[in-house]
């Protein structure tokens, strides 16, 4: 049975800067937000949306308003009551485009109002994602009064001061102390609403200590030495070894993380030369010529799965009956012949300097593709340069990774395929049908119809192959045998609310 | 003691050096490729967001203006806001600096404790087995990259033998001594090898010097000859070397802080570079330069305290 | 330019009011504090004529400016003011080819036998270089000339292909002489040529110098502090004190009857080889004043036993007294005493 | 002769000092024997590298650890050679003091002159700090350093060469030693300063009854200062005797040559006598007489048989197989000039 | 030109005498042997390495040292021995290219500045002050960041900082040599400044520069592998010791050979350079007068 009390120490790969629902923009920030700030709705274990601070929600038939009722007796960590006013404050902050990068997610919201515990969101247009957004970290509820009391001339300064002072929170934990770059301590929030399996309020742990250890090997050594209870981002190469360690549990949490390689689909390269990859057949051929199982073995040490769609299988509305472009060199050869490129051609893979995974990817692809006459060359750049090349279309193929931040397929689909957003992840792939479907799906309130639109989009995308579809990877976290119940959600959030430690 | 005017002159010398340092830093950071805005926003941001970020950072101003602003702000202690950590650079650096200074002092101390006695032993038994053994061991130390020494210490002393924690930073002073022992040692090993080599050589030279022979001819006791005449003179050049190797030491902390997960400015520097955090890189480089200058200044003072010939400015 | 008198032979080198000051670098704080720049006055108005084929000895205490004078003449230092004329022509501002031309005729030899030869070049390399750079000989003539020179300075045949460190100090000085002679100069400046050598070897080099001078009709400026040697070698001798000539005259008369009190003290202090003529009191007390801070009036007055108020006030000029010239207000009385 | 009454304080017998490997030693001093009496100044002359300094250092035992000393050094009857450091320390500085050759490098540049004097006093006397200071001032006064009180807190680099040499003498004299070993105390100095310092040493020896060994390579200094002289060549003694006798009537070909190469009683600008060749290097000495290679009268036995230091008169010793030929040879030379 | 007539026999004699002295020192012999082997490995890895350093062998992942794989295999089944051997090529290259340009530039600048002094020297002095005020690695890393990671950029970055050290050394050495009378003699003999600098002063200033160069090559390897380790130097999959250690970093306890073997190679090569450098420092020290 569950035991209450005690503390655990968690080794992180990077530190948070500001854990604020609105300003969080790097994974180490946003994956911590829900530990401190509860949202109105929550994502259940299966990914479905369930009630959170709100007892439930009610979308109007026209899709233009949502009503939510807050639970009774909600209180912040300092004991003050959590009311509709706090919700209005928090959501108005979240959708203020002047502030954080996530305001666009609430772009459809026209007005948020509250009457006691009744909260109403009025929308400008129907938005099928709005319910998911209300379960997303950026709509976490902050205490209006306490925040406004914080020192500072503008919201940014206030947010910082509020955070530094050990913020008043609505989530399962409060922040007790923090040394930037080094450590952080979360304390149990005694006023958290959600009951645990023993009927008393969560969380079970009194305290969670975080230590920041960017180096993978050091992080693992620390875990093995028993100095910490859990270590995140275990390199896949070490998963086998740690699974065999009797003192540890090697957890591979399902994730929405995918690893893929955008292909430049423009007719000409940046330097003006003709781009062979503009031909869909060539892109398909390269996909066929890539043995994903080998890559999965080499890069993820068999912890990954081949991609079955543009989005991970853990994403809502995913459609992908089978792995895309199963290894088929003959088919690849044939496609290249059809494209008139049987004589072979040069392709450059832009890799991230210092990344062993990219290096492996390159070595493997080079070996896989050379029988086809594809001469793969490598260009090593740093992260910002890769970003710039991606934006300006100055690349052939490069690798990228992605994990959803929102429990809805629109984010990843827009990112990867919608031309008007970012030229379909910089590939320049511009499919009119796909774009129309995407736009329609964003205002489609009928779930069935939307699901259908998503199925079509995923089919079109797979066919168009603007990516090298590689693989999905889990979140690998190694946890001491004495700690139970820690979860990393498919979106990456660190959830300590139901973790407990055996004495 | 060195005179006030000597100190004053020495301080004045720093000014032109520092102006140049500022120019170097400024240019270097402006030359970094890649857009800090992109680095900051990563892939997901829109173009409008990028523009906004650039404007906020003042990156849309002409370079000379940016430089003047940089100088003015630096002089008022304002190094800008870190992109990556979203906080004033000065604040971040001040928070992290003590760790690095602690680590630096700790390793200097270790290096001296390690090298000093052994150098004496070696110099008093020139070319005998003890001397050869000491020199060989340190010669090997000299050929090892700091990160490798760190890794070995980490694997053997921390992971295997569990004598020391694997990494990180303690909370109390003693705790820190314990936590930072290995990182300090891995930096110290290299520095101590250099000190040993130099100190041994200058001890041998000083032992042979006329004034030491003369001191012996005066019939002074061995203790007085050794401390007053030999050690003090041998230290003059070693102090310079120690000052000069502070740069090495700083470079060392850059690497060890990464290997040992020590939250100091060294690791921060690497992170800032990988994140293209202009203001932070600027601030950190400046910090390193200030640190090194301060150390140079201190060695100069110690030296002029040791050696009266250096006191005339 | 004064027309050379047809009677007296015209001087080969004539030095007029030569002044050489070295400015010590001033630190930033000195500048700010307005402290004046420290100036070393190495030469304070030297007037000197050197006649063709004569040997002029120059003596004086350490730091009095002997080397500086030699270096100014050889063109290694550029004097602060004053003039040096070679055969009537000013040489101070010579550059390039004309400077080379001058140096071909006025060569210098150095004190330190260990540092005056390039340790990485054999004797042959050293001599060949000088000969080829100045095109003194062509083709096979070069090596013949090298052998000739080595012969001239009495170095054995095998010497040419050896490196300097394989020679003794005296031999090295002779190599230095050969190098100077390779340009067939008319005037040699010898700065402490034998001071670094052992007594037993000094004579070898001095003999060689005397012999060469007679054979080749060379003019020699012989800078040294060994009075006995200077007396033996020189026709005329100049005594320098704090960067100025205090007495100059024919060697014999100057040594027999020094006029200037400083010359007298110098001679008295020089150890005599006669154990029976021991004196008990030191010839001169006190130290040489620092060239940073030269006393006003007669620079010697602080150490001079005969100094009067006039000496402290007024700097005596070099004027003819007896057979030579002396810069002392009371040369006649003191010299006569 | 009242000389006989004076007590012999130092008796050096068959001193041999070697460096380097025991199998192939470099013998810097070989078979050197001499005595020094209280109040006597013994001159030790010889050219550079002849082992003068090593002889002095051997007496005080400071060629160790790298030099090996053999033979007997009887200080007031007690042999110093086998003594340990601790025992030697009571002799050094207290009974036997030494002045080093290099005034520039023999004072510790980092310590005040006052401290360097008083540490000697602290080691050898019971004086308290105040008394030491008073004594230090007294000593500085004695060696002629003006404003002694103010200069105690100065550092060596603030003194001129002559003053430093005087400070060294002050240090050496601090505890009234009975024997002063003065290693070329004036070589680095100007004649006028040299003169002052030699007079000082002479006066001290006379007034305090202190024995002195004065190393020099200048025969003039010997003539002016020493009571007796020992001539060294290649690590061995070749001639000893009263100063006047040796200078006036040298018997060893080396001493003869040395004296003859100094211009004295010769016509100006005539060739000087010169000893052929160069001083020997210690690793190439013949088994016999070290001077063989340069000796005008050497016979075949000189190379192989080492000449003994034979008495040739009262207090006169010469080590040469061909004394008579030498004398004849040099008189003939003189006559020829 | 004046070299032509020099008797070659004598020259040879000198060289062999020098070598004789050198090879009678154990430290030089050891250092020389290590370097000779390193150079051989760097020149001919294709003949000396038993396997292709890049080829994956998924059937032989992380096998410990054995007869087939004396240094074991890595996490892709690549032969560690072969990778270490191929890394010699990269690292020895690094030792050379990261230092040679700094040497040439630094020596030239140092020689001129040291000879002429004056305002150029003052400016130089300030620049040196400013540059040495940065910790070396900080500056190099910052420049690598400017140029982007990779070997060539690393050479550029190191050279940009490192020349200062050569220039400083050369300047001091030239100033010291300039004080010698042979330099003055050259001027009196009417030689041009260029001739005096390059034919007279510089040849006499080379010993300490060469000695420093030796230790600097060792430092360059240390620095290069540190950068490789941090991901800023040589790039995977290329074999370079720092990169190899970084790759093995995750397997310190389970597959220790992955990081230990390249570590030993670094230490050995560094040792070779410093032993030879130290021995040369002794051998080239001017013989006492």
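Annotations for the structure displayed:
Labels for the chains are A, B, C, D and E, by order of writing; each one numbers its residues from 1.
The rule is short, and it goes like this: a residue touches a chain if its C-beta (ideal position, glycine included) is under 8 Å from a C-beta of that chain, and two chains touch if they have at least 3 such contacts.
Quantities reported herein were computed from a predicted structural model and do not represent experimental measurements.
Among the other chains, the CA centroid farthest from that of chain D is the one of A. Of the two chain pairs shown, C-D and B-D, the one joined by more C-beta contacts is C-D. Between the Cα centres of chain A and chain D there is a gap of 91 Å. One finds 52 Å separating the Cα centroids of chain B and chain D. Per-chain CA centroids place chain B at a distance of 23 Å from chain E.
One simple way to say how far apart two chains are is to compare their mean CA positions; for chain A and chain C this gives 89 Å. Residues of chain D in contact with two or more other chains: none. Contacts with at least two other chains are made by residues 215, 221, 224, 382, 385 of chain A.
Counting only residues that touch two or more partner chains, chain C has none. On chain C, the positions that touch chain E within their shared complex are 71, 74-76, 99-100, 103-104, 107-108, 110-112, 114-122, 124-125, 128-130, 132-134, 143, 161, 165, 176, 179, 183.
Taken together, the chain C residues at the contact with chain D in this complex read 55, 61-62, 168-171, 198-204, 206-207, 210-211, 225, 227-229, 231-235, 251-252, 265-266, 268-276, 278, 280-285, 287-288. On the chain A side of its complex with chain E, the touching residues are 215-217, 220-221, 224, 235, 237-238, 241, 294, 297-298, 353-356, 359-360, 362-364, 367, 380-382, 385.
Those residues of chain E that touch chain C in the shared complex are 1-3, 5-7, 10, 180-182, 184-191, 195, 199-200, 203-204, 286-287, 289. In the complex of the two chains, the chain E residues touching chain A come out as 54, 56, 58, 75-76, 145, 148-150, 230-232, 235-237, 246-247, 249-254.
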